[in-house]
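Across the two complexes that follow, chain A remains constant while its partner is chain B and subsequently chain C.
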Partner chain A sequence: MDFLRPASWEEALAAKAELPTAVPIAGGTDVMVEINFDHRRPEYLLDLNRIADLSEWEVGEKTVRLGASVPYTRIMENLRAELPGLALASHTVASPQIRNRGGVGGNLGCASPAGDAHPALLASGCEVEVESAARGVRMIPIDEFYLGVKRNALEPDELIRSVHLPKADGPQQFSKVGTRNAMVIAVCAFGIALHPETRTVRTGIGSAAPTPVRAKEAEVFLAAALEEGGFWDSGAPIPPSVAKQFAQLASGACNPIDDVRGSAKYRRHAVGIMARRTLGWTWESYRGNERSAQCA
Partner chain B sequence: MAGATRTPTNLTQGGKTDAGIGASTLRPDGTLKVTGEFAYSSDMWHEDMLWGFTLRSTVAHAEIVSIDTSEALAQSGVYAVLTYDDLPTDVKNYGLEIQDTPVLAHGKVRHHGEPVALVAADHPETARRAAAKIKIEYKELPVITDEASALAEDAILVHEGRDDHHSGHVPHPNIVHRQPIIRGNADEAAKKADVIVSGEYVFGMQDQAFLGPESGLAVPGEDGGVDLYVATQWLHSDLKQIAPVLGLPEEKVRMTLSGVGGAFGGREDISMQIHASLLALRTGKPVKIVYNRFESFFGHVHRHPAKLWYEHGATKDGKLTHLKCRIVLDGGAYASASPAVVGNASSLSVGPYVVDDVEIEAIALYSNNPPCGAMRGFGAVQACFAYEAQMDKLAKKLGMDPVEFRQLNAMEQGTIMPTGQPVDSPAPVAELLRRIKAMPLPPEQQWLAAGEGADVRALPGGLSNTTHGEGVVRGIGYAVGIKNVGFSEGFDDYSTARVRMEVVGGEAVATVHTAMAEVGQGGVTVHAQIARTELGVEQVTIHPADTQVGSAGSTSASRQTYMTGGAVKNTCENVREKVLDIGRRKFGTYHPAWATAELLLEGGKVVTDAGEVLADLADVLEGEAVDLELEFRHRPTEAFDLKTGQGFGHVQYSFAAHRAVVEVDTELGLVKVIELAVAQDVGKALNPLSVVGQIQGGTTQGLGVAVMEEIIVDPKTAKVRNPSFTDYLIPTILDTPTIPVDVLELADEHAPYGLRGIGEAPTLSSTPAVLAAIRNATGLELNKTPVRPEHLTGT
Partner chain C sequence: MRVTFTVNGRKQEADDVWEGESLLYVLRERMGLPGSKNACEQGECGSCTVRLDGVPVCSCLVAAGQVEGREVVTVEGLADFAKQRAEKGGCASGACGTSLQDAQQWQSKPSDSELRSRAADSQTGENTDLSPIQQAFIDAGAVQCGFCTPGLLVAADELLERNDSPSDADIREALSGNLCRCTGYEKILDAVRLAAARGENRTAGQGA
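Up next, the complex of A and B:
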């Protein structure tokens, strides 16, 4: 196994172009596990830790440009206001030590359906900035990023540079089921983001289908129900029937398997519960904000 | 009990000594472990050493058609590749009780992960790659995975031609051992019952999950022998199994204990000891073997998974009438400690209750599942899970309070066990229950205490943010258990201690040398405390544990403080007599008290019982050292009769009771254990801090198997599906509740200082208490542990 240590992003892109089988490694919280378990023995490891830019973020007017290697700890500590869904998801990643090392680039590169960041990324409607030496930068909408089990839309010569996430324009939530109260791989997970500006709702489901997926029917149903009932303006509580239907549709968006972590049936069930609860929390928060805005 | 003859019992030797027994002295290894500086067995290094690697079977049950090692041998950096054919003598098997385990597979593999070949190379990665080049052709056989497949008419025998000491009496060769217990007449007694409850209970396969994986270093000696540095629970038991297969006399296998990173029973069996020695002797170089976590799951035995069928009856005023039970333990491919686990499961299957009419049967199967053997609680854990569920069912059916019902039937000193053995020391079962019930309950809805919003850490799901209180229901459950202490059933269980007392730098000091494996239990702390108390010295050196001194027996069965602690006490008492003899010889003429008074050693001096100082120990011992090595035995026990189970089988019992408070997210099926209150009788707390630590640790291990821990074996292939800490979950600190501990000290007159072995009892009742609390919260029956979200949500 050769260990390549490019000093700059350009060098990294050149190395990846020359050696497309090279596996990029930053925090190593996923790649090293794969190697230790002997699940893969890459010919080349491409160490991205010397590229400082990857561990930085910029908060713009509308978006946050989040470097691929920004550790989850930084996201939790520094981007809670801008990226509340991702910050909550970051909180559930493994242990403090691993949160100090891992970043969303690894989750995206690995594209495991169990990656904790995916539901929040899907719900946010972000874009992934990837780059190759030959063709330059390409922005991949998150909806087009996940292609199959541990397969993503990257070309062999491309590297993930950053993620461009819209700053939250409304409440976001994230919930994850594991069979332990910390440091656990998701049995299934659910992310939701209210987007009052566009009067839409986006969701993300983790670990309940071959790829991370959105519960699109549930989103459409809920947006329509909120619109028709004038809920965005009134800030009235969502009727239980609407929440129930949303939960059922979210559950229906799952295509899970039975494995050692949980049954398919349980995953469908749990996604429904999490969908209902997180909708309740985000909507309560939205109503609270609406009310305080009105009072002011 | 063996002991000094001249020390009157009304005097407390060492009562004035600081840091003696009863003091919470700190562990000598504590700070090193917490700061990461402690050297574990995996940290050893030797110049010129090679790395050993074990190639293991990828299938559970198969004939080995061929093994081709040529490519592996040809790889550069490889020094040796060994298979069964390379074993040096006619002895090719080892085992704790039955020598049924091949050092390397011979013609057949019987479980997933069985060692087939060994490689030594100059780098661990080289060894691993070379092993991958060994070609093994398997012809797969049907797998035996449960009682039905083990006893089926056409079942393949896991071990052909058995001639072990249990083979004559078992009903089928795929049963390792069977122990019935018949006392009174259960059928007759059942007629007196107003209510009868029965149930089938399933206990999952738990792993010891010690954090320091199997590892060690074998160094070939110039005399053709080997020096072995390993992490184990019993050096001399290893030695007895290692020497014969190496073709060496025991004195040429010199063993030294290296840093042990936890054990819990998982190091009672041999792991890498023989393999490293074989490679070292073959190559003439030191060989180190370290398992990674994945391999560790295959490198040691697990807790027996069990199916338990129970029937109890009770009169309408709440008195138990009878018990019938049948316990089927899956021993896996090799016997390991299965026979003794069967003995415990059957003899303790009634629990700490009075039941005169019983019909009990326990068996352990041979199967192609992973081998199972010793783990903290050792057969008593599985039984406790079942009988405590039964107690709750009975109480419910009778409309009685579950604690009062238990108290009504609780055993006490004088109760006769189902084996006919009287309980002849305090058995404060009802009192322990009273104490945990009287403890204050944790406040309701603690997650709201944070002020703004919910503190998710106090809720089921924790940081995963699954509930802010929705669906959360509290439940409370109680359980109590009984565990035996020490090796039972007529085993000659002894410990050896060597104690030397001498003058160093003008001060009298003591050295304690035993072969006791310090696996984290704190024996080294306690030994120093005992020596200070008995010899009145401040400085006590604990010699490294090795086979240069006699056996200390196993660090298991909650026995080490009793047994090797007892041995240290006994040797110290004899050393003290010798010291006093020297004193009388040297100084006897200066003071009449030397001849007439009862003498003590305290604060580095010889004093009379009236407190008068007669001499400095440094002066007594000037130019003369006292050095004794003595064995210590607990009172003898008997084997259980193979048909009736009657016999004086156990040395001592240990009791703990738990109250569990849980919050269950009933919609998601997630559990947060809020508090696990414990009361335990420890006889005498030699080190109160260690006692509380042991009780809290055992409690947490019991919690683990209640809500998360299970090795999952595919019933079709008998392969392990989750051999990693990613999918074999053990409790984190966020899963660990507040554990208030109430310690009772009711002396057992048969035991040194009146102490009771304490390590295992808290592991027993913790699990059923948590299950009872979850049942209380959900109203579900829950007959299987661990409880999974699927069980709570019907998915």
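Up next, the complex of A and C:
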């Protein structure tokens, strides 16, 4: 095994181009487990810790450019206002020690359906900035990023540099089912983002299909129901029938398996419950903001 | 490969390190610092918690090569680390720290020769080489088999450095990555509350 320690992003891209089998390691919270357990013996480890740029973020007018290695702890502490859904999801990642090391780039690179960041990334409608020495930067819409179980749209010579997330224009929520409040791989998870500016809703489901997925039918149904009922303007409570239908459609978007963490049946059920609850939380928050805006 | 980094305030070198080796392995097997415990090797248990550039991490999930040029504090250096923090608010000069030999021989009580040379101090409990959080763990009876203790000490010490009067929720969250199989959690919580109440972790910088 060789340990490559590029001092700059350009050096890292050059190394990845020359040695496409090199395994990038940033926080190490996934790669090191595989090495410790002898599940993986990469020929080359490509350490990204020396590339300071990857641990930085920029808040722009419309978007946040989040470096691939920004630890979850930093996201929780610093980006709660701009990226509430991702901040909530970050807070459910493992433990403080892991959140101090792990970042979104690792979740994306690993592309496990159980990665906690995925539902929030899907719901936000972000783009993944990847780069190769040969072809430069490529922006991959999150909807096209996940290809299969632990498979993503990266080419062998590409590295993930950052994620470009739209700043929240409405309430966002995240919910996750596990056996305890920490150190838990999601049995299943659900993220939702209300987008009042476009009067749309986006969702993300984790651990309930071969890849992280959106509940697209549920999104379309809800957006239409909100539009037809004039709910965005009135801020009226969402009728239980609408919430129920949304939950059922979210449940229907799952394609889960039975495994040690839970049965397929349970996952479908739980995703429906989380969809209904998170919709309730976000809508109450939207209504609350509407009311306070009117009072002011 | 050779890896050079600062451990408990002193520069150390490790040779013939395998590229896939963890920081934990280097500390335990190459530097003779077995305070950080090896249990799950997958970041679940927190027994191997150390500070990496001040940040608590699972040393089993840090590749040794990633630590090159960086600073690590292990439980063996915790007492000195806490002392320096209390006295000077840190070690800017780089002259302080725990030598590898001292760290390797660390124990919670002074050695016999030390006892003889400063018997009066040991009577009063002073100079017993314990950080406030370590003393609180003993006083609260928070140590059972002791395997999880080093990781908990490092995590709890860091919590009190950030937050000198943590709520129970703060303590539970800060220690959520550390498992105790004796399930002595209540007394561990007591110990952290005790250390916070004693306030010895407060530094000048916190102004409290």
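Keep in mind that, in the parts below, the second predicted complex is superposed on the first by the 296 of 296 C-alpha atoms of A that agree within 3 Å, B and C clash if a C-alpha of one lies under 4 Å from a C-alpha of the other, contacts with A are read in each partner's own complex, and residues count from 1 in each chain.
In the analysis below, a contact is a pair of C-beta atoms (placed from the backbone, for glycine too) under 8 Å apart; a residue touches a chain by one contact, two chains touch by 3 or more.
These numbers were taken from a predicted model, which means no experiment stands behind them.
**Student:** Output check: A:Ile273 vs chain B and chain C. Expected answer is one of first, second, both, neither. What do you get?
**Tutor:** first
**Student:** Return first, second, both or neither, reflecting whether A:Asn36 touches chain B, chain C, both chains, or no partner chain.
**Tutor:** In the superposed model, A:Asn36 contacts both chain B and chain C.
**Student:** Counting only touches as set out at the top, which of chain B and chain C does A:Gly28 meet: first, second, both, neither?
**Tutor:** A:Gly28: touches chain C, not chain B.
**Student:** Determine, under the contact definition given at the top, whether A:Ile257 touches first (chain B), second (chain C), both, or neither.
**Tutor:** So A:Ile257 meets neither chain B nor chain C here.
**Student:** Just to be sure I read the superposition right, which of the two partners does A:Cys110 touch: chain B = first, chain C = second, or both, or neither?
**Tutor:** neither
**Student:** Would you check which partner chain A:Leu19 touches, where first means chain B only, second means chain C only, and both and neither mean what they say?
**Tutor:** Neither partner.
**Student:** Which of the two partners, first being chain B and second being chain C, lies in contact with A:Arg5: first, second, both, or neither?
**Tutor:** second
**Student:** Have a look at where A:Arg101 lands relative to chain B and chain C in the superposition and call it first, second, both or neither.
**Tutor:** Touch status of A:Arg101: second partner only.
**Student:** Looking at A:Val184 after the superposition, I want to know if it touches chain B, chain C, both of them or none. Which is it: first, second, both, neither?
**Tutor:** In the superposition, A:Val184 touches chain B alone.
**Student:** Both chain B and chain C touch chain A; at which residues?
**Tutor:** In chain A, residues 33, 36-37, 95, 181-183 are touched by chain B and also by chain C.
**Student:** Which residues of chain C touch chain A once you look at their complex with the stated criterion?
**Tutor:** Within the complex, chain C contacts chain A at residues 1, 18-20, 22, 41-44, 46, 49, 55-58, 60-63, 65-66, 68, 155, 173-174, 176-179.
**Student:** Across the complex, what residues on chain A touch chain C?
**Tutor:** Against chain C, chain A makes touches at 1-3, 5, 25, 27-29, 31-33, 35-37, 41-42, 45, 47, 49, 94-98, 100-101, 181-183.
**Student:** In the complex of these two chains, what residues of chain A are touching chain B?
**Tutor:** Contacts found on chain A: 33, 36-38, 88, 91-92, 95, 173-185, 187, 260-263, 265-266, 268-270, 273-274, 277, 280-281.
**Student:** So in the complex, which bits of chain B are touching chain A?
**Tutor:** Residue positions touching the partner: 292, 294, 457, 460-468, 470-471, 667-670, 672, 707-708, 712, 721-722, 724, 726-727, 729, 731-735, 788-790, 793, 795.
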